[in-house]
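Both complexes shown next keep chain A, but they swap its partner, so chain B is in the first and chain C is in the second.
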Partner chain A sequence: MFITGIGKTKFGVSESPLHEMAYEAAAQALHDADMTPKDLQAVYVSNFVGGPDARQLHLNAVLVSLLQCEGIPAFRTEAACAAGGSAVFQAIRSPYDNILVVGAEKMTTTSAKQNSMHIGFAGDRLLDQKEGLIFPASYALIAQQHMMTYGTTLDDLAAVSLKNHVNSQRNPLAHFAHKKVTLEDIRKSPIVCSPLRLFDCSPISDGAAAVVLTKKKKGNSISIAASAMATDSISLVQRKNLTSFQATKRASENAYKEAGVQAKDLDVMEVHDCFTIAELVAMEDLGVCAPGESGKWVREGKTALNGELPINPDGGLKADGHPIGATGIAQLVELAAQLRGEAGKRQVKNAETGLAQNVGGVGGTAAVHILKKG
Partner chain B sequence: MFITGIGKTKFGVSESPLHEMAYEAAAQALHDADMTPKDLQAVYVSNFVGGPDARQLHLNAVLVSLLQCEGIPAFRTEAACAAGGSAVFQAIRSPYDNILVVGAEKMTTTSAKQNSMHIGFAGDRLLDQKEGLIFPASYALIAQQHMMTYGTTLDDLAAVSLKNHVNSQRNPLAHFAHKKVTLEDIRKSPIVCSPLRLFDCSPISDGAAAVVLTKKKKGNSISIAASAMATDSISLVQRKNLTSFQATKRASENAYKEAGVQAKDLDVMEVHDCFTIAELVAMEDLGVCAPGESGKWVREGKTALNGELPINPDGGLKADGHPIGATGIAQLVELAAQLRGEAGKRQVKNAETGLAQNVGGVGGTAAVHILKKG
Partner chain C sequence: MTMWTCIPCKRFWHYPLKRCAYCGKDLAEESAKTLTVIGVTEVLVPSVEHPDVPYFVLLLEDEKGFRHLRKSMDPQKVGDVLDVKPATNAFARIGIIGTGAMASGIAMSCLKAGMPVIVKSRKQETLNRFQENIALKLKKNLSEEAVNETLTRLELTTDYAKLKNCDIVIENVIEKLDAKQDVFEALEKHCGPNTILATNTSSLLVSSLAPLVKKPERVIGLHFFNPVEKMRLAEVIAGENTSMETVRKTREIAEAMGKTAVQVKDAPGFIVNRVLFPFLNEAVLLLENETANAEDIDAAVKMGLNHPMGPLALIDLIGVDVFVEIMDNLKEETKEQKFEVASLARKMVKEGKLGRKTRQGFYAY
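Entry: the complex of A and B
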């Protein structure tokens, strides 16, 4: 399967409603693929809180109506924050030749309290949340464990945040495209849940992203070399180890096998940095470095744009933004742009192989895709 | 693909939370298939309002945790009230050999006002709902058009309701298993939206249903002879004709072709009677009878349990209940039980071929499956 068209709206605070953002990204991806809606055989829509936020859950039918390709099957799929990766994973395994996969989320119109509740729908309500483990608390616990086990420091976390903010300034569609952030800003930002500060957390964003998948290769096509997905217990209580996500490990092992590559063969990576600690854990789970070494890697600039293995060149969830249903698709849009050599000021040199890791909940679901040039 | 295991909870007002109902149906289906969770390669979860109602959207990961089969891919899929049919449609097209498909919904714990809002998430918010076309109003409009065009009467609608309530009294798991309903009750029930009365509307139900799908046939397996899905514009405003659902027509044409059967070859049918008028429209769209003749068919008892083509032997959405995400799966559970000859007091004689039609929104999505004995 190939990614033949890509589209993405500006992430951030949008004045457009959910369906308009979805349409905008979809139209862009179709235009980019030199296709029309009539060429499609199926549509997959990735969206998480469409109901409570935009009051629309039947977004698949809405999108088919807007694109005027009524008739073809259209699905809405969701796996919490891994909804995008899950939609692409399913689309790849479907029998269709030409598929549109759109992810969209509208989050800035609801109150912080409502958003916090909606995001909580992705976590474990039975064991974790009753003990106060809402998302920032869960990731703070993971950060604490990582610090205790490996000596990871606040500076390691800050280095992830700074790198992603620096990258986002080269990405005109990023949520924080125009926000200059210094190490001092990060260090002085308010504590959300110790040790995580405000700048360790991804923002609440609106946005949409889309890819057109085709069985046949076309001019600009990027090859999907591997697609894997795995789950873990939804509750942290049931896990033996908090410094690693088994779902990421399992999915990436399968993906590396399928693509016939190893972490050292990758030129660029998009990982699910909903919190800075998540980027460090992802690096270790994906085999980029040994457990406990991720902080050092980031501090040494190895994952910067001009580093050994650039991670999150678009700014990641931290600075590109995290419109939940769109996130996993946006990662693939960024990788495809990088492998095409069309990533502008944030172009990674000679990028030929890239990996995207998309996580749902606190590691309850993970989707891993590997893309190759041509 | 085969349906090798089936499970269903009692539909109605349940004291169990969403995840427990889902687990109960899943465990039953696995037991029925003589399989354990370890035999599964993927799980599909069909759920509509899990977020706002049960505050859990990552139900796929929850279920994998409860079944202790962490690791395998698990998806949540949704197409409004066609979520169940959509999940089965996608599972059939997946590369896995052994799949669990579970549909579940918890609806009775939220207020009528909240439920009304949540159900509205399945309809068109941009054009229809702004004009007052919430679900009962949309189907009332369809009923009015059907009456004007074909002379369909209130008695035709009442006959559908009565038949389904009579059937549900033979179904111990039905929402209205123990409710005796007379034609007088139906005729005197309050008007919800003219011409639809209370007894023309399906109830708000809790419940779960599950099927185990296998690529290999086993002892009790029922063959899935066809699986089709289609969409239409989500808004009624954009349709030329309100007395017919194009999505049902298109999906069923494809399904009949795939299975090599016609409507006249069917022995039993499950249709999406969210309102009584929807059963009449479905009969015509599925080719059971000519447009305008459905009312007569029902009044003459042709679709009764002992009729020419029994429709909704379990009581349908009207009387078995309509726990949204579970509905499309429950239809297949009923058909499988009928084709196995295990439907007890509501057994349709010599049932060898059955069809299920599951609708999302006001016909924005339709899924049609045809099952064959053996």
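Entry: the complex of A and C
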């Protein structure tokens, strides 16, 4: 399967409603693939909080109506923040040749208190939500365990945040494209859930992203070398170890096998940094470095745009933004742009192989895709 | 902090599931004995279901290595060992005097918290209606089994002697000193020496009831707000002679009912009514002086102060006569001019415009 068309709206605070953003990303991706809606055989829509936040469900029918391609099968996929990766995983395995996968989310019109609750719906209702475990609290506990186990520091977390903010300034579609962030800003930001500060958290964003998948290779096509998905228990209490996500490990093992590559063969990576600690855990689970080494790697600049293995060149969830349903698709849009050599000021040199890791909940679901040039 | 286990399959669940999905056998229940804090985060951002911050989420490990999460309002450190509390107030038996709206709300809150409740009234007929009403309310969101289980914890009586073994008796009869005095005399005669005697009065002083009892240290005020099931507050009023132990136990019971307890000295109006009634009176004065009309006064307060309803609509709900009565009590007890009720309210009472109950108050209903 190939990624033949890509589209993405600006991430951030948007005045457009959910359906307009989804339509815009879809239209861009179709145009990029030199196709029209009439060429499609199926549509997959990735979305998480369309119900509670945007008061719009049944998005598969919304999309075919907008694109005026009624008649073809269409699906909505929800797997918390891994909705995007999961939608692509399913689309690849479908019997269809030409598929549109679009992810969209409208979150900024909802109050902070409501959003905290809605995002929390991805945790276990009884074991997590009832005990006040909002999402930053989950990752705060993970950060604390990582610190106690490996001696990871607040400076390590700040280095992730800073790198991603620096990258986002080269990405005109990023949520924080125009925000200058210093180490001082990060260190002085208020604590959200100890030890995590505001700048350890991804923002609440609106946005949409889309890819057109085709069985036949076309001019601009990027090859999907591997597509894997795995799950883990939903609640933190059901796990023995919080410093690693088994779902990421399982999915990436299968993906590396399928693509015939290892972490050291990768040129660029998009990882699910919903919180800074999540990027560190992802690096270790994906085999980029040994457990406990990730903080040092980031501080030494090895994952910066000009480093050994650039991670999240678009700014990641931290600074590109995290419109939940769109996130997993946007990661693939970024990788495809990088492998095509069209990433502008944030272009990674000689990028030929890239990996995207998309996580749902606190590691309950993980989707890993590996893309190759040509 | 209980686990449900399938011993043959060596599988464990955090949920009260009926059978093992692997072998089909029934699951056994195992409760944790000790819990050690292995992780803790202080949450500083409010969410809809957890609006009061800061709070703490504790990651706990029990003696068998099973992990649990617990929300706590108190800070804890990694390494702390916590008591495994038995179900809160499983043994508290609540006596309720009266069958009105307050009594019904208090009974519902106690029943929902798993407590046994006994309700005393003069007439069997009102008790029967009370029970039917409670059953109807329970049926709205409980299964038939749960409704039946809950109703087994609700006892009804016309006999004070049945209140003998209550941990606390909460009186909800009309706001007349002699009526309340009659109740307290009967409670003194029939209740065990350790039963806390609480009054849900809004305007009388707790100290006016204490002298009727040999052990005044067990007399306390426990003031709920209407509708009790929705309003989170309970004012705990310690009279001059109320003991610390009585205060502590009463707070515990109020909190087990899901209320936030605030403590206040025995003073006219306590906290809420002391603040509310002069505020309501001020709204009536604005209307009386023709500074603004009723709709605009209510709209201004609702939108400018974010109150759920305007002061004049609220007086109509309380009853204009009750409003005047409470203002007069506050004036009598404090001797302060600021509690002088607006003459418009007195005039309305004379004209029989008492609010919703007479279909005419500040508004027509």
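Note that in this section the second predicted complex is superposed on the first by the 374 of 374 C-alpha atoms of A that agree within 3 Å, B and C clash if a C-alpha of one lies under 4 Å from a C-alpha of the other, contacts with A are read in each partner's own complex, and residues count from 1 in each chain.
Following the convention adopted for this analysis, a contact is a pair of C-beta atoms (placed from the backbone, for glycine too) under 8 Å apart; a residue touches a chain by one contact, two chains touch by 3 or more.
Keep in mind that what you see is a predicted model, and the values were worked out from it rather than measured.
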item: First (chain B), second (chain C), both or neither touched by A:Q144; value: second
item: Partner chain in contact with A:Q114 - chain B first, chain C second, else both or neither; value: second
item: Which of chain B and chain C A:S235 touches, first, second, both or neither; value: both
item: Which partner, chain B or chain C, touches more chain A residues; value: B
item: Touched partner set for A:Q246, first chain B, second chain C, both or neither; value: first
item: Which superposed partner A:R340 touches (first chain B, second chain C, both, neither); value: neither
item: First (chain B), second (chain C), both or neither touched by A:K296; value: neither
item: First, second, both or neither for A:P95, with chain B first and chain C second; value: first
item: Partner chain(s) touched by A:R125 [first = chain B, second = chain C, both, neither]; value: first
item: Which superposed partner A:R187 touches (first chain B, second chain C, both, neither); value: neither
item: Residues on chain A lying within both footprints (that of chain B and that of chain C); value: 117, 120, 126, 235, 238
item: Residue ranges of chain A touching chain C (in the complex, touch as defined); value: 112-114, 116-117, 120, 126-134, 136-137, 140-141, 144-145, 148, 190-196, 235-239, 242
item: Touching residues on chain C, where the partner in the complex is chain A; value: 14-15, 39-51, 55, 57, 59, 66-71, 78
item: Chain B to chain A touching residues, read off their complex; value: 19, 48-52, 55-58, 60-62, 64-65, 70-80, 86, 89-90, 93-95, 117-118, 120-126, 229-235, 238, 246-247, 250, 360-361, 364-365
